[in-house]
Amino acid sequence: MTKTTVTRRGVLKSGATAGAGLALPTIFTASSAAAYMNEPTGGTVTLGFNVPQTGPYADEGADELRAYELAVEHLNGGGDGGMMNTFSSKALQGNGILGKKVQFVTGDTQTKSDAARASAKSMIEKDGAIMITGGSSSGVAIAVQGLCQEAGVIFMAGLTHSNDTTGKDKKANGFRHFFNAYMSGAALAPVLAAQYGTDRKAYHLTADYTWGWTQEESIKAATEALGWQTVNTVKTPLAATDFSSYIAPVLNSGADVLILNHYGGNMVNSLTNAVQFGLRDKMVNGKHFEIVVPLYSRLMAKGAGENVKGILGSTNWHWSLQDDASKAFVKSFGTKYGFPPSQAAHTVYCQTLLYADACERAGTFNPCGVAQALEGFEFDGLGNGKTLYRAADHQCFKDVLVVRGKENPTSEFDLLEVVEVTPAGQVTYPPDHPMFSGGMLGTCNAGA
Amino acid sequence: MDAFLLQILNGLDKGSAYALIALGLTLIFGTLGVVNFAHGALFMIGAFCAVTLQRLFTLSFETIDPTRTDFLGNPMKVKTPYIESWFGPDIGAAIIDWSVPLAVLFSIPIMLGIGYAMERGLIKHFYKRPHADQILVTFGLAIVLQEVVKYFFGANPIQTPAPAALRGSVDLGQMIGFQANAIIYPIWRLVYFFFAAGVIAAVFAFLQFTTFGMVVRAGMADRETVGLLGINIDRRFTIMFGIAAAVAGLAGVMYGPLNPPNYHMGMDFLVLSFVVVVVGGMGSLPGAVLAGFLLGVLESFASTTWATTTIPGINQIIIYLVAIIILLTRPRGLMGRKGVMED
Amino acid sequence: MLGLDKKDTTLLIIVALLTLGAPFILNPFPADSAMAQFNAGYPDLMQRFVIFGIFAIGFNILFGLTGYLSFGHAAFLGVGSYSAVWIFKLFTYNVLPAVALSVVVAGLFSLLMGFVSLRRSGIYFSILTLAFAQMSFALAYSVLSNPRFNLTNGETGLQVYADDPQLFHSDRLPDLPHLFGLSMRATYRLDLGGWSFDFNAGYYLCAVVLMAVFYLAIRIFRSPFGMMLRAVKSNQQRMNYTGLNTRPYTLAAFVISGMYAGLAGGLMAAMDPLAGAERMQWTASGEVVLMTILGGTGTLIGPVLGAGFIKYFENIFSKINDNVLHGWFGFLPDGLEDAMVFLVHPFIGKGWHLTLGILFMLVVIFLPGGLVEGGQRLGRWIRRRRGGKDGEAQRKTEPAE
Amino acid sequence: MGILEVKNVSKNFGGLKALSDVNLNVRENTVHAIIGPNGAGKSTLLNCLVGKLIPDTGSVMFDGQSVLGRKPFEINQMGISRVFQTPEIFGDLTVMENMLIPIFARRDGAFRMHAIESIRNEAGVIEQAEKMLIDMNMIDKRHMHAASMSRGDKRRLEIGMCLSQEPRLLLLDEPTAGMARADTNNTIDLLKQIKAERDITIAIIEHDMHVVFSLADRITVLAQGTPLVEDEPQNIRGNPKVREAYLGETA
């Protein structure tokens, strides 16, 4: 296949998508009068919240659901309004979306792409959801994003950190608010250099699947650009529960930094094991041995307990941020549930508001209209400073937090401290960056 | 050489957990003829005994400290464990610190009780049922147990740290003449290994040297004959079920400091423990122990850079590959008896 | 009819009526009533019922007839899905060649795996199949998705990209799996009063396939071959000393069930063109074991019932949240409403696993023959009641004579 | 020439000599009994004949062909059927199905993939099975589950299953073990009838002298893995070696 044919096929394909709708009264036709998939006809509009309710990420899923409920409450005019008051766009009235009361349905992704697609389909086919959002892994996000593209609804991805979500698997109907592996690397590397010097030898342990690889690639590139050497990169099975046999050789490898490209249960266990093996007490090459966890989440950090103390990583948002928006969100979430929100909660809350706002600004629920309103949208007041939804790949660009495990936590939630807020400009990359190459956004699909 | 020794150590350590779980599993199978898919859940419950005890020790009363504020800006509620106010902060903190070893004592009666209740309440009715039914009902039970634990403790892992005194690592290499940092090993992992060895030895001694054990062994060999002698073998088997549950539970309690327990850790170990039992030979106690350590060591070696560069992905499949090779070359596992579980 | 005796013909007709009428049967509640939560008649779930039904029917041919308990059949389902998606990627979105290739590839794969695993029996066989399946899963999830040789696309799942060759694709055809132009997503919605019913092309394709393979399963059950398989389960020793080589019989059963699994996998990809590795995990194999036992091992209809039961729970119970509960119990006084929600809460939504686990236990404890036995008992009970009445009537008439 | 010729067969289990240098010659259309005290090696010998065990040395020829190295099902296909000490039947299947299976095996060989045809259409096979059930006097039990029958019926069914294959050699391993006297006599009558009506060679291992002497044309006495004598029944009765072997009397 030559390059030109590939492009031609791509063009044909987008044409076909549009054409198919006309040629056959096919895809999920509810009534032929509807202008787009699941057009809300009554006084309500239904959103689909697709989060892991069972399986290892159930706690993150539960926190996402809490935030969704809070967002719906705020959209419908209840509660204290949360970040609606600080949001730079003032389109939202507190009377639902476009005057329709917001309802929601929930589904269980089980953190499996099949199950996630099944529950998303059920929300679209059965409950008439106009938008799907949520999730706690990149595999699920990409799978559901593809489905929403085919079905013709908007997908607002939840926790998904892989470059692919807005890289080779990007879709016109999908938007990501979360940051990604490249941004983690770009944000972390300067801080690492500042804290640990530029003459470091790094040893990577990487979860052996797509996200792990992109994470490793990103942080490796970012640290090597600053002068670090990479001693070894070792892949660990996703199903591994004990990392002792991967940690044990690290001390003898000549490395003086261990980078754990792990998430969730893998991260908790590998970090626990690394600390157990006394890595943090050692001096290697005349330097203090350090451990880095590129992607942090407070919920998971809690599982790792004392072991996170002093360990650097990046995160999307943290409740201790002192801007007005974050404070407003923490206040309204904390008042309702009694504890501060996680970054997962923050992300999905923002996305619900952003979707609603885009509908208001577009004046329609039509996915193509909404997508247009979101593309290139610049805003402020949702807790991460000035933020841009880039039109080219539907990735969101905003400040990234570099955090460190707190040495003296004052409460069970006070586990991380913000070391640096890396400005958006420093983590921005061109849409055709090699780590994000391949794949096409395509054209938006309205379904009907 | 030092890398080699290090992986042997790692293997023995992983193997300890495998062997303990497989020991109980094969004990239940050998005595009762029951395929127990809930055995992993017992391991998990053991670990949560430690979590529970830690929670009990840290039960706290709240006092309001007006000088500090919480995340919402309200006056901070400071929690003080009751135990610290009863015994004084030092002893109280020490008790909390030692909660995992104390949980060993706490868990034995609990696990025996759970095992006893499980056998009398459920398993007993399934002795004569097909293995498939046993699998379904114990699998159902495993799901119920883990969901109940999840309901109370959440899905995230929970730290159950070892006592501070046993938390660090020792430089074993230096002790035997290698250079510094060559063989660093965590103290708690050594404790776990010796603990496992002790438990295994105790189970074997119990079966070997007590009358009770003798009858059980005879029952494992030929249940009907022993029954004909007028010995109430069923009651003894019930107790054996309790013991098997306790062994799995102990494996779980002590495992907590190695890797923080979560509600699905039992399922993570379930497949593996069945592989261990089968590789060792169904119903063979020494086989289970041998296979546990063997697979632990092989798994450790397969995860070295040398192995994964020679055969990509070997660390993912080694356990299963070994199981296939052993089952094809030794039909009944390493030490299995003929005719067990072949129908 | 069709070479079946009266009882089997009746069974086949019942299955045909149930599958063809599923859009009505599964949507018994008006669309905007509170009970609509329990409606299962939307395309995706109906497809799933039928596809997992096919999977379980095939599994039952191996497990129900020969007694060989495989813990690795999900691997064949996964391989079937991957094959189908590769056809979509390379050649065409037409589902016919895709599903055909799924069956063939799964058949070859199961031939290989069966040839090795069937050298052992009992739990040793189970563990061998489990080991093979877990190896396949590990390979598909990570090893075979490395950038140089990406066969499975790992965690994300294999899917069709715009720059895939699709040699035989043309503009006139839908950009989704289709059968000679008829999109699998094509759905006709019938609104009748408060009710609405979905008639989906993909579902009806699956339903037709289900009827065909169900018919095939009946034929296999009633054939000398089927009898031989039951004989293998009953007494292998006697088989050997009767001049019968059990290995090819079990291998044939293994391959047939593997092909059923491949067919299910292919259809799954045809309904939704994405193949994820977790379909191959041991828990997925365990699920089909549970479906079969739950429905009734060795019975014809049992596995289909078991599949429906489990999928219904997974998709319906997991979607009930506290909001829905408050809706249901809204008619109660506030305190009572909250109490009811509190009581039911652990069993729905994120607690659906708990409910399923409890139901497994209840079914297997009280209905050793699975749901089919439940049905038979119910049938006997009704007959006895009716018979009882007849008997009474007779007794009453007797004195008159 | 005998139909079954065993020459110099030895078999050791570890250090234990189960068979040493056994010779046996079973003539066509006779009933040949093999007797001997417990542990004489009778069962080991039988297992060597049907392919369950492979002798360490020696040869076993059936109708001029070696059976050694062949699997049990192949040896059965050569024309040897075996009846077990405890009846081996298909307990989960009906009596009729039990009878159908050996007939299919005889007609179609060790494996045939007839997965679509219905059994109901196999009129010829069904007819044969019914005929054999009538011969075995159990046609009224055809729909019963085989496992639910009495032991005597199971034994009869098993013999019927073996006969339906029209074997040239029928091996019986203690066919009356554990049976009541009446059942034993029925079995003897059945075997006598078979012997009378069919062209068949029977080799029988038996403990019960009553059975042996009512059926056998020739007898081989086995002791400690070696044949003591092979002779006609009347000569065996008084043989001192046999008495010694059985009763442990000193010569």
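Here the chain labels run A, B, C and D in written order, and each chain numbers its own residues starting at 1.
Here is the rule we go by: a residue touches a chain if its C-beta (ideal position, glycine included) is under 8 Å from a C-beta of that chain, and two chains touch if they have at least 3 such contacts.
Protein names from UniProt, one per chain: A = Substrate-binding protein; B, C = Branched-chain amino acid ABC transporter permease; D = ABC transporter ATP-binding protein.
Since this is a predicted model, take the numbers as computed values, not measurements.
Each chain's centre was taken as the mean of its CA atoms, and the one lying most distant from chain B is D. Centre-to-centre separation of chain A and chain D, using mean CA positions: 74 Å. Centre-to-centre spacing of chain C and chain D amounts to 46 Å, using the average Cα coordinate of each chain. Averaging C-alpha coordinates per chain places the centre of chain B 35 Å away from that of chain C. Between chain B and chain D the centroid-to-centroid distance comes to 52 Å (mean Cα coordinates, whole Å). Multi-chain contact residues, meaning those touching two or more other chains, occur in chain C at positions 138, 142-143, 353.
Among the residues of chain B, those touching two or more other chains are numbered 316.
Touching two or more other chains at once are residues 58, 208, 235, 237, 239 of chain A. By the document's touch criterion, interfaces exist between A-B, A-C, B-C, C-D. Residue ranges on chain A touching chain C, taken from their complex, read 1, 6-7, 9-10, 12-17, 19-20, 23-31, 53-54, 58, 61-62, 65, 104-108, 112-115, 117-119, 121-123, 125-126, 137-139, 142-143, 146-147, 150, 164, 168-169, 208-211, 213, 235, 237-239, 438-440, 442. Residue ranges on chain C touching chain B, taken from their complex, read 63, 67, 69, 116, 119-124, 127-128, 130-132, 134-135, 138-139, 142-143, 146, 282, 286, 289-290, 293-294, 297, 346, 351, 353-354, 356-361, 364-365, 368. In the complex of the two chains, the chain D residues touching chain C come out as 50, 71-74, 76-77, 81-82, 84, 88-93, 97, 100-102, 104-106, 108-122, 161, 165.
Contacts from chain C toward chain A in the complex involve residues 39, 42-45, 48, 138, 141-143, 145, 147, 153-157, 159, 161-166, 171-176, 181-183, 185-189, 198, 272, 274, 276, 278-279, 314-315, 318-319, 321, 323, 349-350, 352-353. Every residue of chain B that touches chain A in the complex is listed here, in rising order: 2-3, 6-7, 9-11, 13-14, 68, 70-73, 76, 150, 154-159, 161, 167-169, 181-182, 184-186, 188-189, 258-260, 262, 264-265, 268-269, 299-300, 303-305, 308, 315-316.
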